[in-house]
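Note sheet for the following structure.
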Amino acid sequence: MDLLHTIYLVAITAEAMSGAIMGMRRGMDLFGICLLGTVTALGGGTARDVLLGHYPLGWIANPEYLAFTIGAAIVTAVIARHLHHLRMIFLLVDGLGLVAFTVIGCDVAMSMNAHPAIVVVAGLVTGIFGGLMRDVLCTQVPMVLQRELYATVALFAGVLYVGLLWLGVNNELASLAALAAGFLFRVLAMTFRWKLPDFNGKDIRGLD
Amino acid sequence: MDLLHTIYLVAITAEAMSGAIMGMRRGMDLFGICLLGTVTALGGGTARDVLLGHYPLGWIANPEYLAFTIGAAIVTAVIARHLHHLRMIFLLVDGLGLVAFTVIGCDVAMSMNAHPAIVVVAGLVTGIFGGLMRDVLCTQVPMVLQRELYATVALFAGVLYVGLLWLGVNNELASLAALAAGFLFRVLAMTFRWKLPDFNGKDIRGLD
Amino acid sequence: MDLLHTIYLVAITAEAMSGAIMGMRRGMDLFGICLLGTVTALGGGTARDVLLGHYPLGWIANPEYLAFTIGAAIVTAVIARHLHHLRMIFLLVDGLGLVAFTVIGCDVAMSMNAHPAIVVVAGLVTGIFGGLMRDVLCTQVPMVLQRELYATVALFAGVLYVGLLWLGVNNELASLAALAAGFLFRVLAMTFRWKLPDFNGKDIRGLD
């Protein structure tokens, strides 16, 4: 589906820019910025493919993806001081990208005849592991584990997509519906600051 | 071997609970708690399978494992404030799980005709990498690298298991012996606070 | 090429020692020191092989590599207080190892008929991911992302090697040229403290 591929390219560009910004904030040099941007953008799909044993990886079969992420990181390094004016556009592209990554991840797992639960997990991993790896490389507890309905949006979009396909809806329509509903959910979650319960558990005694 | 499989299911449940507790202590939300519990429980087997190229991964072939780990994490989130009463049971299940993971990991590598040293390493990775990934996601230096005879127990159980098989002992008996001796070693190590030398090296000059 | 293999064995020994030293500085026990040394030495090649789907991994096909890295870590634990006298030799071996890892990584990707850009990336990953994993396990932002021309040296050596092969130079000569030029570049970068621009970006506003 061409629309999905176009959204994918826009999304990896935006993710690479968000990774590059975080790298700059950590005092990384140009190489670090490019690597962090690339990991943020392509890490989710890479993790999914390694877990599924789905070779070759996306960016190895399509090395031009690296040109997108490295190019985006370099541009970001140059114009970073002005990017915060685009913050709102960024959050929207990031939200759309999250859902697009999820749908694409589900497709890959389905092409390998995975169990429906694994299909949803593959979508989720594709959506969130790039940001998770970015945060680990910056030695901070991954944001996706802590706040906002980010992973939940991916889970929702994945379940919706798999459910619609299971009901016999054709692939293109199911993709569009999951993209639209997932994106709407993300925008609502940001607007109203929805979040999952977090249990206030810092004083709980450990077991080890 | 059915006993080993039963121990495995109990062990992934206990590991998921320990990961979930740590997630709560870090202020994670429900999604983070479920993911951290799952990574703690299934991360070791996943790392082993990826290193060996042994596909499909255990939890992809058996998605019900995810139900165990996610269910355990959710239950933990609800009853966490009372779990420390069970701390002793926990440590025992964790010790048994460590040895069971190790024996299962050795079996997987042997099924691929790996070198005996690699068989032991595969057992070790299965035993300890879940906790190691949990700690990296919580941005703390992995406990298994710092203190207590945890990894050493896995190493001992793996070497014993491989050695017994090499001596011609049948698989079931060798598994039982490794489980029993490894578990006993772990209990003794905890009781008497055995530990490896740690060299007091914080003032050593680096090389970079 | 025998020279390359010899350099490889010397290099994994040196990398294992550097990882072991860092483990000691973090208060790790003997097991942690051995594991950190091994990950530092073999992590780059492991990451490359997992990304390329190139099985079996180097150290699984050649378990004797583990004997080198574990042996080096144990020796390091014993003599660590005297090692800083060897700091200069260390940096030179480390620089040579970086370039040798890169050339070997390129070779592996070429043996799988990868795109030239992927060949260079494979060399780069082989050269730098061991140190990157070491730093993540020690919960510090990877040094390779922050300072000095370390990754850049790998990139340069990889591009030079691939370029020479593309020009029709034979493999042995291209390896030697990349080793020599890359090593020289590394020595110059250390001597004159060359570094990439780092943008002074700590005050830049994030996008999330």
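Quick notes on this structure:
As written, the chain order gives the labels A, B and C, with residue 1 at the start of each chain.
Going forward, a contact is a pair of C-beta atoms (placed from the backbone, for glycine too) under 8 Å apart; a residue touches a chain by one contact, two chains touch by 3 or more.
Not measured: the values here are computed from a predicted model.
Taken as a contact graph, with one node per protein chain and an edge wherever two chains touch, the assembly is complete, since every chain touches every other chain.
Residues touching across the subunit B-subunit C interface largely differ between the two copies, under half of the numbers being common to both.
Mean C-alpha position of subunit B lies 29 Å from that of subunit C.
Residues of subunit B found to touch two or more other chains are 50, 53, 136, 139.
The part of subunit C that touches subunit A in the complex is made up of residues 50-53, 114-115, 117-118, 121, 132, 136, 139-142, 144-147, 151-152, 155, 195-202, 204-208.
The residues of subunit B lying in touch with subunit A in their complex are 17-18, 21-33, 35-36, 46, 50, 53, 55-57, 60, 63, 66, 77, 80-81, 83-84, 86-87, 90-91, 94, 136-139, 143.
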